[in-house]
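Working notes for the structure below.
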Amino acid sequence: MSDRIARLDAGREVVRAKDRLGISWQQLADELGHSLVHTTAALLGQQPLSANEAEKVGTMLELDEEIVEDLALPPVRGEAALDPTEPVTYRLQEALQVYGTSIHELIREEFGDGIMSAIDFSMTFEREPDPKGDRVKLVWSGKFLPYKVN
Amino acid sequence: MSDRIARLDAGREVVRAKDRLGISWQQLADELGHSLVHTTAALLGQQPLSANEAEKVGTMLELDEEIVEDLALPPVRGEAALDPTEPVTYRLQEALQVYGTSIHELIREEFGDGIMSAIDFSMTFEREPDPKGDRVKLVWSGKFLPYKVN
Amino acid sequence: MSDRIARLDAGREVVRAKDRLGISWQQLADELGHSLVHTTAALLGQQPLSANEAEKVGTMLELDEEIVEDLALPPVRGEAALDPTEPVTYRLQEALQVYGTSIHELIREEFGDGIMSAIDFSMTFEREPDPKGDRVKLVWSGKFLPYKVN
Amino acid sequence: MSDRIARLDAGREVVRAKDRLGISWQQLADELGHSLVHTTAALLGQQPLSANEAEKVGTMLELDEEIVEDLALPPVRGEAALDPTEPVTYRLQEALQVYGTSIHELIREEFGDGIMSAIDFSMTFEREPDPKGDRVKLVWSGKFLPYKVN
Amino acid sequence: MSDRIARLDAGREVVRAKDRLGISWQQLADELGHSLVHTTAALLGQQPLSANEAEKVGTMLELDEEIVEDLALPPVRGEAALDPTEPVTYRLQEALQVYGTSIHELIREEFGDGIMSAIDFSMTFEREPDPKGDRVKLVWSGKFLPYKVN
Amino acid sequence: MSDRIARLDAGREVVRAKDRLGISWQQLADELGHSLVHTTAALLGQQPLSANEAEKVGTMLELDEEIVEDLALPPVRGEAALDPTEPVTYRLQEALQVYGTSIHELIREEFGDGIMSAIDFSMTFEREPDPKGDRVKLVWSGKFLPYKVN
Amino acid sequence: MSDRIARLDAGREVVRAKDRLGISWQQLADELGHSLVHTTAALLGQQPLSANEAEKVGTMLELDEEIVEDLALPPVRGEAALDPTEPVTYRLQEALQVYGTSIHELIREEFGDGIMSAIDFSMTFEREPDPKGDRVKLVWSGKFLPYKVN
Amino acid sequence: MSDRIARLDAGREVVRAKDRLGISWQQLADELGHSLVHTTAALLGQQPLSANEAEKVGTMLELDEEIVEDLALPPVRGEAALDPTEPVTYRLQEALQVYGTSIHELIREEFGDGIMSAIDFSMTFEREPDPKGDRVKLVWSGKFLPYKVN
Amino acid sequence: MSDRIARLDAGREVVRAKDRLGISWQQLADELGHSLVHTTAALLGQQPLSANEAEKVGTMLELDEEIVEDLALPPVRGEAALDPTEPVTYRLQEALQVYGTSIHELIREEFGDGIMSAIDFSMTFEREPDPKGDRVKLVWSGKFLPYKVN
Amino acid sequence: MSDRIARLDAGREVVRAKDRLGISWQQLADELGHSLVHTTAALLGQQPLSANEAEKVGTMLELDEEIVEDLALPPVRGEAALDPTEPVTYRLQEALQVYGTSIHELIREEFGDGIMSAIDFSMTFEREPDPKGDRVKLVWSGKFLPYKVN
C-alpha cells in the first residue's frame, strides 16, 4: 500500500510545486523529452520515471529529495488511482457508456476479433479553438491486437 | 425496463441483419446522413433515431416493423447498456484509469476550472495504418464548459 | 488522497470557527462577493477559492495559515466528499428517486434530447415562511445542453 | 416484484401514448387537477392515482383497460425505479454531491438540527428563457422538520 | 471525516469512563434531563449535545477537556456510524426484513399514503420481565407524515 | 428462486384482493386467530401458513386455488423480500442507524453480553392519537439471549 | 472504530507472544478454565474477557499493561473482524454454500420453523487421526429456537 | 444460466414432493445408500446424482420425467445457490465470523500452514436432546491439506 | 443481453449433447482443427466460431439448427460469463491472489514495464500423472507487451 | 490488520532493496533453496518464511532487523493483498474469465467431479523466446482432488 500512496503523493507535490512556480506540463515534457500526456501521466504516477528523470524534475520544481526518490518508484496503475465520480473523469466514463458498444462493433467490422491495446497506446491532448467555445480534443491511438487462434 | 430492453434488442437485430446482408456501418451512416460513430451509436440505442430514420434503416436491413418501431424509442443511455468487463471495453476504461488524472490536470492548466462536455461531444473512429500493425484511432472532441461562478 | 483530506478538513475548520465566532455563511458570502450557496460550497471544498479569497476568510475566521493554504487547493468534487446516508442528504436523494424520471421526461418534452447542466448551474437557498411550519426552498437553475448530432 | 414492474410499465405506456397522440404532461395535469410535476410523477409510478384518475388518463390516452388498472396500483418508490447512471439523472446527483454538504450546513445554521422533508415536499419545473441558452429551473420546497428532543 | 471520528471516539470514551466509574446511562440521562434512549444516542454521537450538556457529562465522567469539546460537535448520523453485521444490530435489521413490508402495508391501510417519521420520532428501552427469560422491549413512536398532494 | 417468487406474488394477490373487497388485515387476523402483525407478515410471505389457514384466507378473499397453494409454501425470509430504499422502509432503517449503537450499549449494561432475539420475537402495530398529528407506534419484544460461555 | 482496532490488535499481540514463548491455546484455556475454542475466540476479540482473565493472560504471556487493558474491552464481533477471502476461512464459507440449504431443510423437517442459535452455541476443534491424512473436526452445537407464533 | 436454474428448481420440486408424500430425507438417503447430509445436498443441487440415482428418487417421489433428467445435471455449486441473508443461513455465517479466526489459528498451531479441505469433506446433522431445549449438532470433518513448499 | 444468453445457452447444449453421445472435447477439437482449450472455449462462447465450424459441430452433436446459428454469434467475453464463486473457478482465482504480485514483479524484473497479453495468448490443459495423485497441468503462454513510451 | 500491513510492507522493502542492490529473485531463491515463484511469493507475503530464512534474506538485502522480524510473520493471503485492477493482474483475471468455464468442463471430463487444488499447487515462471516477441510462460500444476462421496 505504501508504495502507492508515496507515488501518488509525490504526484500531488509535483502539482503544487508547478502551480507555485508557474511551470507548465509542457515545460516539464520538454525537459524530459517525452510527449505532453505521457509526461503528465508519469509525474502523476501512471508511467515509470527513471532516477535520472526524477532528478531533473526535482531540480526544476525544487522538490525534497524524498519526493524525488518516490517519483522513481514503479508506477501505480489501477482503479485506486482515480476517483470515477470526479466530474471531469465522470464525463469521460459517460462517453464510454455511450460509445463503448459502438467502438466494439466498429473494431469488429473493420479489424475482426480483437482489441485496441491500452499498452501499445498513446494519447494527445489539445485545445481546439471554436467560435462557439473552445473544445478539448483527445486523440487515442492503440494498436489493434487480434485474438490468437490456435 | 422494457423500453431499454426493446431498444437494445433492436440494436442487436441491426447487427445480425447487417452481418447477414454484408452492409457496413458506413453505408448505414451514408444513408442517414450522419457521421460513422454517431450512426453506430444511434443504431445501438445510444442516440435518438426519428421514425423516418428508423424506417430507412428498416428498409435497408429488411427488419420487421416491430424492430423499426423499437429503434425509434428514446435512447437508453447509462451503465446498464455496457458490460465494462468485456475485453474491448475494459481496455478503454483502463486507458482512463491511466490517463484520467492527467486529462483532469491538463484541462485545469489549459482551460481552468471546468469539464470536457460529454453532451456537446463527438467522436471519430479510424484505422491508422502502421507497418508494425495497424492501429485504432479515436478522436474525442468535447466542448470545454467552465464551472459557473456566481 | 491527501489533497482531498486537506481541503475537506479545512472546510470543517471553517465550520468550527464560524460557529465559535458567530459568523454566518451570508457574512462570509458578502465578504467574498459571491452568492450564499456558492460561497458555502467553496468553503466546504466544492468550488475553487483564490489565494486572495482564502486569505480574506482566514482573517475573518482567525484561521491558521496552513488552513488558509489548504482552502486554496483545487476543489475536491466527487462521491467521497458526501455521505449519502446522512439524513439531510438522504432526503434530497430520495426526492431525486421520486422525481428523477419526471424531470427526465419533462426535459425531453420541453427541450428535446439533452441534459440540465451541473456545470453551468447555480442554486439558491431560502427559508420559506409557512404558518404550518417554515419550509426549505431550493432553486436549481441549469443550462439546457442539447446532445450534439453530427 | 410484479406490482413494481406493472406500475412502471404502465408509466412507459403512458409515455408512448402521449408521444403518439401529441398530448403534453401539462394537458394531463390539467385533466387531473394536479400540478405538472406531481402529475408526471404519478403517471410514472411515483405517486398514487385513484381508480377514477387512472380512468380519466386511460380515456385521454386511449389505453387498454389493463394498463388503466395497473396505473391505480400503489406507487413504487425506491432506488429500483431510477437508473442513477442515466445522464440526465446523473447530473442531478452530481449537483447533490457538490451542494449536499452546503445544504446541510445552511439548514443547520438557519433552522437548527433537522431535515428538509421529502414527504411534505413539492417541486416545480420551468423553462427559464436566457439569451445564452434557455435553462431548466427546478424549485424544491420541503417542510423543515426538527429532530425531536425528549 | 475528522469530525465524525472525533465525535464517535468521544462516545467510546464515554462508554469506557462510565464502565470504569460504574455510572449508568440512566444516571447520565437524569443529569441531562433527557430520556434514557435520547441521552444514550446523544452521547454516542447521534443526537446533539450543547456545550453545557457536554460539560456536565465531562464532570460526571472525569473526561478530558478535549473529549468534552468533541462531544459538542454536530451529530454524525449515517451508515458509517453503525456496523450492520454486529450481531445485536443484525437481529434488529433482520426483524425489519421480516416485518418491514407488513409495517408498510399496515400504515397504508390505517393512515394512507405516507411514512412514519424518523425525525419526529422517539424510542424507549425497557427490560420486560418474563418467567421464560426476560425480554428486551423497544417502543418506537413516529409521527405519521402524509405525502403532499398538489 | 421460484418458491420465493411464488410466495411473494401470492402475497401481492392478497393485497389486491383485500383492497378490492374492502377486507382489513385485522379481519384476516381475527379469522386466523393470530395477532395483527403476525398475520400480515404471514400473508406477505414472512411467516408460515398451514394449508388450512391458507384455505381460510383463500375463501375470504376469493383467491384462485393456485394462489392458495402458494400461500402454504415455506416462508421466504431474507434481504430479497424487501426494498430497503422504499421510503417507509428506509426511515425504519434510519432509526436503526441512529439508535442501533444505543440499543447495543443499553442491552450490554442491563442484560450483559448477548442479543435481543429476532426469532422469539413479536411486534405490535398501533395508531397513537396525538393532537399534533397521529403517530405510528411499534412495540418490539424480543427475548434476551446471553452468549453461551463454556 | 478505535475499540475494534485496539481489541483486534491486542489479539495479534497474544498470537505473537504465544508463538514466541511456545505456549499453546490449550494451556491458555486451562489457565482461564474455558474450553479451547471459546478461549481462542475470546483472546482474538470475539468473546468477552474479564479484567481478571485479561490479567492472567497478560502474566502468562508477558504482555504490556496496555495490551492487557485492551483485552478486557467489549468483544468486536462482526464482518470487519474477518477476511472472508483468506483461504482457510474461504473453505469454511464454501462448505456453507454447498451445505447451507441442506441444513435449512433438515432443520425444517426435524425441528420445524426456526433456527440454530449462534448465541446459545458452542464449537469444539479436534485433530481426527486418519491413515489417509489427519482431518480437522469441528463440532457445532446450537440450540434450536422456534419462531414465535402469536 | 439455465442449467443452474433447472437443477435448483428440480431440488425445489423434490422438497414439495417429499412434503406432500410425507417422505423424509433419511428415507431418501437410505434408498440411495448415501449419508443423510450428502443425499440432501445432492437432491438440492450441490452434489452429483447419476441418472440411475435420479431415476430412483423420481420413482419414490412420483416426479415428472423432465425433473428426473434435471436432477442428473452437473451440480451447481457457488454463491448464487444460497441466500446468505436467510435467517438460518445467516446464523451459520455469523458463527464463522465469530469463530473463523480461531479455527485459522488453531489449525496453524496444530497442523501448520494449510487448510481444512472443503472437497475431501463430510458433514453430519443430528438432533441433540437437551433438557433446556434440543440442539442442532453439526459435525464438520475435512482433511488437512498442507501448502506445498517447493 | 439476448446474444449473450443465446451464445452461452448454446454452449450448455453442446455440453449436454457431448455427454449424451459420449463425444470428447478432444474429438471436437480434432474435427475443427483447433487446440483442445481453444475449441472448448469457443464452444462455451468465449472464442468465435465460423458458420462452417458451427455447422460441423452441429452435425457431430446432432444439434438443432437454431443452436447451430447461435454458436456462430460473436463471442460473449466478460465477467457475466463466469461464476467466480464456483469452487473450481475460485481456486484458480485464489492462485492468482497468492501468486499475482509475484508474477507482476517477475515480469517487471525479467521484461521491464509491461504486461503478459491475454489476447495474444494460449493455454494448454493436461493430466499430469503422479503417484501421490494425478495433477491438473495448465500452461499459460502470453506475449510480453511493453508499455509504449512516447 | 497490522500483521497484514507489516508483512506486505516488508515485502515492498524487499523489492526496493533488491532493486537498489541489483539482486535478482533467482539469487534470493538460490539462497533459500526454494523455487523462483515460491520464493518470490514468500518474500511478498504469500508463503511462510522461517525466522532463519528471513535472517538470510535480511543479510543479503541489508534489511533492518524489524523488517526481518516482519518477514517471519504468518503469510497474509487473501483478496486484500492484490489489486485486481492493476493491468498485469487484470489480464490474468481476464484469461480466467475467458478460459475458466473451459477448465471446469475439461476437469469434469478428464477427472470427474472435483477441483484442481490451490494448496497442493506450484507454479513456474519462464521467458519463452519467440521471434515475434518473447512470451511469458506460466505453468500451473495442482493436484486433482475429487469431491468426497459418503
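The letters A, B, C, D, E, F, G, H, I and J name the chains in turn, as written, and every chain counts its residues from 1.
Quick note on the criterion: contacts are C-beta pairs under 8 Å (C-beta built on N, C-alpha and C of every residue); 3 or more make two chains touch, one makes a residue touch a chain.
Only a predicted model underlies this, so the values are computations on that prediction, with no experimental measurement involved.
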Inquiry  = Just to be sure I understand the contacts, which chains border both subunit E and subunit B?
reply    = C, D
Message = Which option, H-I, G-H or B-I, should count as the same interface as C-D once over half of the contact pairs match?
response = G-H
Query = Taking each chain's centre as the mean position of its Cα atoms, how many Å separate subunit C from subunit J?
reply = 48
Task = Indicate the whole-number Å distance between the mean C-alpha point of subunit F and the mean C-alpha point of subunit G.
result = 33
Query = Got the subunit B residues that touch at least 2 other chains?
reply = 47, 77-79, 85-87, 94, 97, 115, 117-119, 121, 145
Query = If each chain is a node and each touching pair an edge, is that a line, ring, star, complete or other?
reply = other
Key: Pairs of chains in contact (touch as defined earlier), listed by label   = A-B, A-C, A-D, A-I, A-J, B-C, B-D, B-I, B-J, C-D, C-E, C-F, D-E, D-F, E-F, E-G, E-H, F-G, F-H, G-H, G-I, G-J, H-I, H-J, I-J
Task = Over in the complex, which subunit I residues touch subunit H? Could you list them?
result = 5, 8-9, 12, 83, 85-87
Task = Write out the stretch or stretches of subunit J touching subunit H in their complex.
result = 34-35, 38, 47-48, 74-75, 108, 113-115, 117, 119-122, 145-150
Ask   = Taking the complex as given, what residues does subunit E use to touch subunit C?
value = 1-3, 77-80, 118-119
Ask   = Within the complex, which stretch of subunit I touches subunit J?
value = 11, 15, 24-25, 36-37, 40-41, 44, 46-47, 77-79, 81-82, 84, 86-89, 91-107, 109-111, 115-118, 121, 123, 125, 127-128, 130, 132-145
Remark   = Note: in the complex, subunit H contacts subunit E through residues 85, 87, 90, 94, 97
